[in-house]
Amino acid sequence: MNENGGYVLQVREIVKEFPGVRALDGVRFDLARGEVHALVGENGAGKSTLIKILAGVYAKDEGEILFEGKPAVITSPTDSLRLGIKVVFQELALIPNMTVAENVFLESFPLKKNKAIDWVRMNERTTDILLSIGLPISPRSKVGGLTVSQQQMVEIARALSHEAKVVVMDEPTSALSPNEIKFLFNVMNKLKKLGIGIVYVTHKLEEVFEISDRVTVLRDGRLISTKPVGETGTDEVVRDMVGRSITTLFPRTHPGSRTHAAANAPVLQVENLSTEKKLRDVSLSVHAGEVVGVFGLLGAGRSELAKAIFGLDRINRGRILIEGRELRSGSPSHSVKMGIGLLTENRKEEGLVLQMSVSQNITLTSIRELATLGLINRKMETERSREFVERFSIKTPSLRQKVMFLSGGNQQKVLLARWLMKSLRLIILDEPTRGIDVGAKAEIHKLIDELAKEGLAVLVMTSEMPELLGVSDRILVMSKGSVTGEFPREQTTQEDILAAAIL
Amino acid sequence: MEKALENRRVGVLKRIFAVNEFGLLISLAVIFAFFGATSHYFLIPRNLSNILGQVSLPLIAGVGLSLLLICGEVDISIGSLQAVAALPLVHALNGTHSLALGVFLALATGAAVGIINGLLVTRLKIPSLIATLGMYYALRGAVYLITGKVAVADRSGSELFFLIGNGKVFRFFPYSAILMFVILFVFMYILKNTTYGRRLYAVGGNADVARSIGIDVVKIKFSAFVICSVLSSVSAVLLASRLGSANHLAGTGFEFQVVAAVVLGGVSLSGGVGTLLGAFIGVLILGIIQNGLGMLNVNTMWQLVITGGIIIMSVAIDELKKRRG
Amino acid sequence: MKGRKILIFIAVFVFMLSLCSLALAAQKIPKRVGWVGNYMMHEWYQNVQKGMVDRANQLGIQLEVLDANLDMAKQVSFAEDLMAKGVDVLIITPVQQEGAASIVKKAKMEGIPCIIEASAVEGMTTLVAICDYDCGFKGGVETGKYVKAKLGGKARIMAIDLPMLRPCILRVDGFYDGIRTVIPDAVMVHRLDGQGLKDHALQVATDALTKDKNVNVIYGCNDDSALGALQAYRAAGLDEKKLVVCGTGGEGNAFIHAMKEGGPYKVEAAMFPEAVGYECVNMAVKLFNNETVPKHYVTPTAALTTENWSSFYTLAGEKRTINWNTVNKVKREDKCAKY
Amino acid sequence: MEGTQSSGKGSLWSKLILFNEIILVAILVTISAAISLGAPQFYSTTNMLNILRDSSMAIIAGVGMTMLIITGEVDLSIGSLVAFVGVVTMDVTNKTNSVALGVLAGLGLGAVTGLVNGFVRTKLRVNSLIGTIAMLMILRGGVYLYSLAAVQNYHQLKAFFDIGNGYVGFMPIPVLVMITLAVVFLVVVNRTVMGRYLYATGGNYAAARISGIKVDGLKILTFVICSVFAAISGVILVSRMNSGQPNAGTGFELTVVAGVILGGTSLGGGEGTLMGTLVGVLILRIINNGIIILGWNQDLQIVISGIVIIVAIYVDNKRKIARARIIST
């Protein structure tokens, strides 16, 4: 055992090829017991390919995997689970219509002698496991009704339910609020104490340095560096990731509030807005050329506010004014006419039309402008979309490529392009950089800045503190469906914001 | 705070699910009461026992179809199967006078068809609606070709064969109904308390997830196809008994009747959702409507209009509830 | 003098009346008769029902009509339902003859007399129906005569069949044999499955005419089939002067309109649905009184032509009325040539 | 995902792969060739025109159905609608002695039906598969309530006869109607904003809605189009039959849906082409026609249709996989 230095998992010269691309090119990676090993890199660097191989989703072309020093054959998800490798993907592997307990024991339900499912034991053991990671939820509740972080915990509970030795986490925090992240880190430390090795895939470097012991950087399918976090720093890691050093993550060239807010009338005015869903008496205003950041813990009502302003949800009380004219609620098509755009937090479900091409997705909202008498001018369509593909440097083999084959970052850019092709007054961005790599993040922040500069009113809902402080001119904090604080960016601290967020 | 949030959610869900079957029961009760009030004959024991016998056919097939729908697939070839499966049964009866052999052959035929459907969908990756639509044509045509459109009457004189579809215990409880309840309860148990049953839901709820955690999705779906076809051929046996023959016209429109019934019972066409209790109620509702309208001598035109209307209304009400939560 | 005559007259009259009433009293009348039809929305059965209702009303019988609507399972269920309702006599029109055997058996067990209409069923007591083969035969003969007289004696036939149902096959066979008694070298060019529906008949006939449009006789196992094929013939732009059409059934008013038109529709092998219904009720009464009845009670059929149809039916608007005394004069087979 | 070696780089091959209807066309050609071997009459112009005239009804209905299925819905009620429209058209023509009014009434009925179907789907949220099966029953009952007997053609108006049986030059009028509609809607679906919206709505309802598309309105409109097109087929059929038959159109809905599916339109929505539907319907029609011309047992019609559907979809799936490869590399 010791000849492999207590490593629970060793990956040697792994190669994986897809038609046209070499996704992994002789990557080495190893993980010790009770270690958190961060795995970072831009999209397309090969992170997800690597963990998919560990999960048994893909089969490796070359190289070998040692598990506890012994060569391991992983050809199917079952194999990797049997070994004791548990991968928690971003798209959580849960069945919404089934209970927590069922999801925890989905691979193998506890059975009675007569092979019948032992519901009592299943529920008890689930409760125990959940308590052991400090999550007091009923094993009988349907997973569909849980928050994202709770659902993650259910997956981790699943890992514990069949004594996993390795847990791989694919960007677990991208959908979590700060204190949920704290909670997750506590759980991770608990796992460490149990001697479980954790592969931690993330885009948030600050987290890398907070939780992990070592960090490995991949780029273009190659291994760039593996260092103990003590011996490296953010800039170095970023340089390794993108191959160049990014000057600044949060460029700001637009004048910001000071000039505008005073000067012109607000583009968006929300007065005592209340909805069935959640919102209680929310009032706010956004001016042209201003970026307003809305912060709130999960369940605070950020997304609900975004949807309500856009007119997706019917409102009970209050009104929404766009440049003084009242917005008819419950009719998105009307909102779009009024010049509002919404980028929702879940790209795939509410954004992209997956089986449509890149260009068709880009032009979806503005197709009318590209048509005469309803007839689409194909030439114009291609030109315009090409223009945006270049301006946003969207990586795609062709405009005809189905958007489903693009990486997360590029998909997000496609959606931004869709809205920016239309001339808007106000754009609402809900978690615009969720699950997007550093490089793309920076580009999107740059775009936000440009939008404001062009005189758009921008409303950014985010749960990422750096992003919030980075992009916004003004910061609104929400809690339990109402606005609990407003700060100008200049004079505020994380503490103030969090204080308001948990009011 | 999370706990509170959590509990509220669970509460809501609990209510929804309670309400769903409850709502169905209400409509069932209303319909039942209506016919009870309007027809002197509806509530007499004799008629009630008839209803039990009559719904047993669509329900037995409906159990199989529900399993299939729950794991995210569908089979519309079951109508044609009614005609196919009866052929070997009656031939065997006439030839060997062995009911056991006949039934075995009928079920075997069903299994064979199920295997074909399963292969088409799981191996050749053809959407089940299309694959089984193809089989729906192919099987019916095959029966016409084989029989030359001449029905095969049962000449075995086997009393038992007559009884399985027509007989009643204590002149009240139809054999077919007993069989129906046995099958219903067995599969209720399987769905609730066996790994296989829960995996059906898992696969229907999200096949990718199921696959990713090592559930053999192909095997599960495949088995569901076979079960569905076998149960359909069980109802085919009952039908053959009720018709006293293997009939090339048997089961025309049966597939839609069953699909409508189970969907009415809240089994989702998109998979992962539904209970056999719901399916049972759905079948009962349609069965009672047919019987009741008959008792009132309502002509076919109105029967069609009313049945169609009730289907739309029931589903609409169900949807409304789902949205209300 | 005068007065006594009148008295005697009255006495005699009263006596005769009482005799009649005795005669009536001798025969019990069932209170309720139930009928499970196979396809009540079809015009044929609408007219069968007309005949049934008329007779039932005359005898003061309550008639209960249910419709299997071509669903055999439903037919069995409805038969059960009627028995549960406790009807005195059951009339069944099988959706498919072998499919009704168990109903007959059940009725026997219940001791409810059961009449089969249209097509024979295993173990039945009695069948009320036409002779399909003979009906087609008559049509064939009449058509043959027309061909000999007007179309130069060569007959090339397109028959629209409904192989799904035995009776239809018999009709087509009968027609073929019938026409050959007049024109021995008549040829069956096409024998197609039109599913008894006008649109399907139209479609298959269109295809068949493409294969070989050298046809001068169209026969349909029911009126819709014949008329559908006629439409195909017209659409193909063929000469209607060189064609004769013979339909079967006289199910609705369509054939009367067609004959009035003066087109090629010259012969109708009529099966008088009203008579069928009428006789079914009579038979119900007989069975109810346990009288002995024939295994097959044959109802009249006749070949109608443009000349004589009006003596059987009168059409006012869309309401047709059957002329009983001509129909009752029609000679009936005592047994069918083929089953 | 699973490997097929068909990702050939041969440019001709890839061109073929990229051409959506290649498989169908291939099947069409093969079957036609096979039939004409056994029966030379098959290639007679009359037969070709007959096939076209007879398919025109299913194709016209198929155009509407394809659009509807692209939006992720389906309409199984058209079978009964065809009969109802026929009866109403015939009856109104008799009463008013005007073909125009009769046709108008028929199409009006179609539009209303479509409207109802649309509302049942979008407002009552009833799954369209179930909702329209119910509507299938309701309409079939309704047409018989309207008239139990087949409605005869009283005035024998020339115009009425011509709708289904007339010619313009050598071209049967129904075929002309079919071609016009097909061409127009090929453009609508492939080149217009509405077409794009159809695909978007079927592809991702939520996304389409957020993109400012009036999704429910669009669906209702498509239901109406589908029903009106079915009604047009109904009018053609009644003219060809020369009487309003309440029992007409049985199984028509399945013929059309089968044709659309065979044409490669996925029932999931968001995918499909009118070209495919055109070829798909033709294939099924030619199978029926061929078997009669060959003088085979007619029961083979449904058997072979069933098998062809399965095979075609299977092969076309393989093609789609290969296609995806070629584009993405």
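Every chain is named by a letter (A, B, C and D) in the order it is written, and numbering of its residues begins at 1.
One rule holds in what follows: a residue touches a chain if its C-beta (ideal position, glycine included) is under 8 Å from a C-beta of that chain, and two chains touch if they have at least 3 such contacts.
These numbers come from a predicted model, not from an experiment.
Student: Would you pick out the chains that touch chain C and also touch chain D?
Tutor: Neighbours common to chain C and chain D are B.
Student: Could you tell me the least number of steps, going only between chains that touch, from chain B to chain C?
Tutor: Minimum number of steps from chain B to chain C: 1.
Student: As a test of understanding: of all chains, whose mean C-alpha position lies farthest from that of chain D?
Tutor: Centroid comparison gives A as the farthest chain from chain D.
Student: When the C-alpha atoms of chain A and chain C are each averaged to a single point, how far apart are the two points in Å?
Tutor: About 75 Å, centre to centre.
Student: Roughly how far is chain A from chain D, going centre to centre by Cα mean, in whole Å?
Tutor: So the centre of chain A lies 44 Å away from the centre of chain D.
Student: Please work out the Cα centroid separation of chain B and chain D, and write it as a whole number of Å.
Tutor: Distance between chain centres, rounded to whole Å: 30 Å.
Student: Return the residues of chain D touching two or more other chains; collapse runs of consecutive numbers into ranges.
Tutor: Counting only residues that touch two or more other chains, chain D contributes 144, 299.
Student: Can you list the residues of chain B that touch 2 or more other chains?
Tutor: Touching at least two other chains: 149, 300-301, 303.
Student: Got the chain A residues that touch at least 2 other chains?
Tutor: Answer for chain A, listing residues that touch two or more other chains: there are none.
Student: Who touches whom among the chains?
Tutor: A-B, A-D, B-C, B-D, C-D
Student: Given the complex with chain B, which residues does chain D contribute to the contact?
Tutor: Listed in rising order, the residues are 120, 124-127, 129-131, 133-138, 140-142, 144-145, 254, 257-258, 261, 266-268, 297, 299-307, 309-310, 313-314, 317.
Student: Would you tell me which residues of chain B are touching chain C in their complex?
Tutor: My answer: residues 41, 44, 46-47, 50, 53-54, 57, 148-154, 162, 165-166, 239, 241-245, 247-254, 290-291, 294-295, 297, 299-301, 303.
Student: Mind pulling up the chain B residues that touch chain A in the complex?
Tutor: 2-3, 5-7, 9-10, 12-13, 189, 192-195, 198, 201-202, 205-206, 209-215, 272-273
Student: Which positions of chain C touch chain D when the two form their complex?
Tutor: Chain C reaches chain D through residues 41-43, 46, 192-193, 197-199, 202-204, 206-208, 210-212, 224, 227-228, 231, 234-236, 252-254, 257, 261, 318.
Student: Touching residues of chain A toward chain B in the complex: what are they?
Tutor: Chain A residues touching chain B: 55, 57, 76-78, 81, 89, 93-98, 102, 106-109, 111, 115-117, 119, 136-138, 140-142, 144-147, 150, 299.
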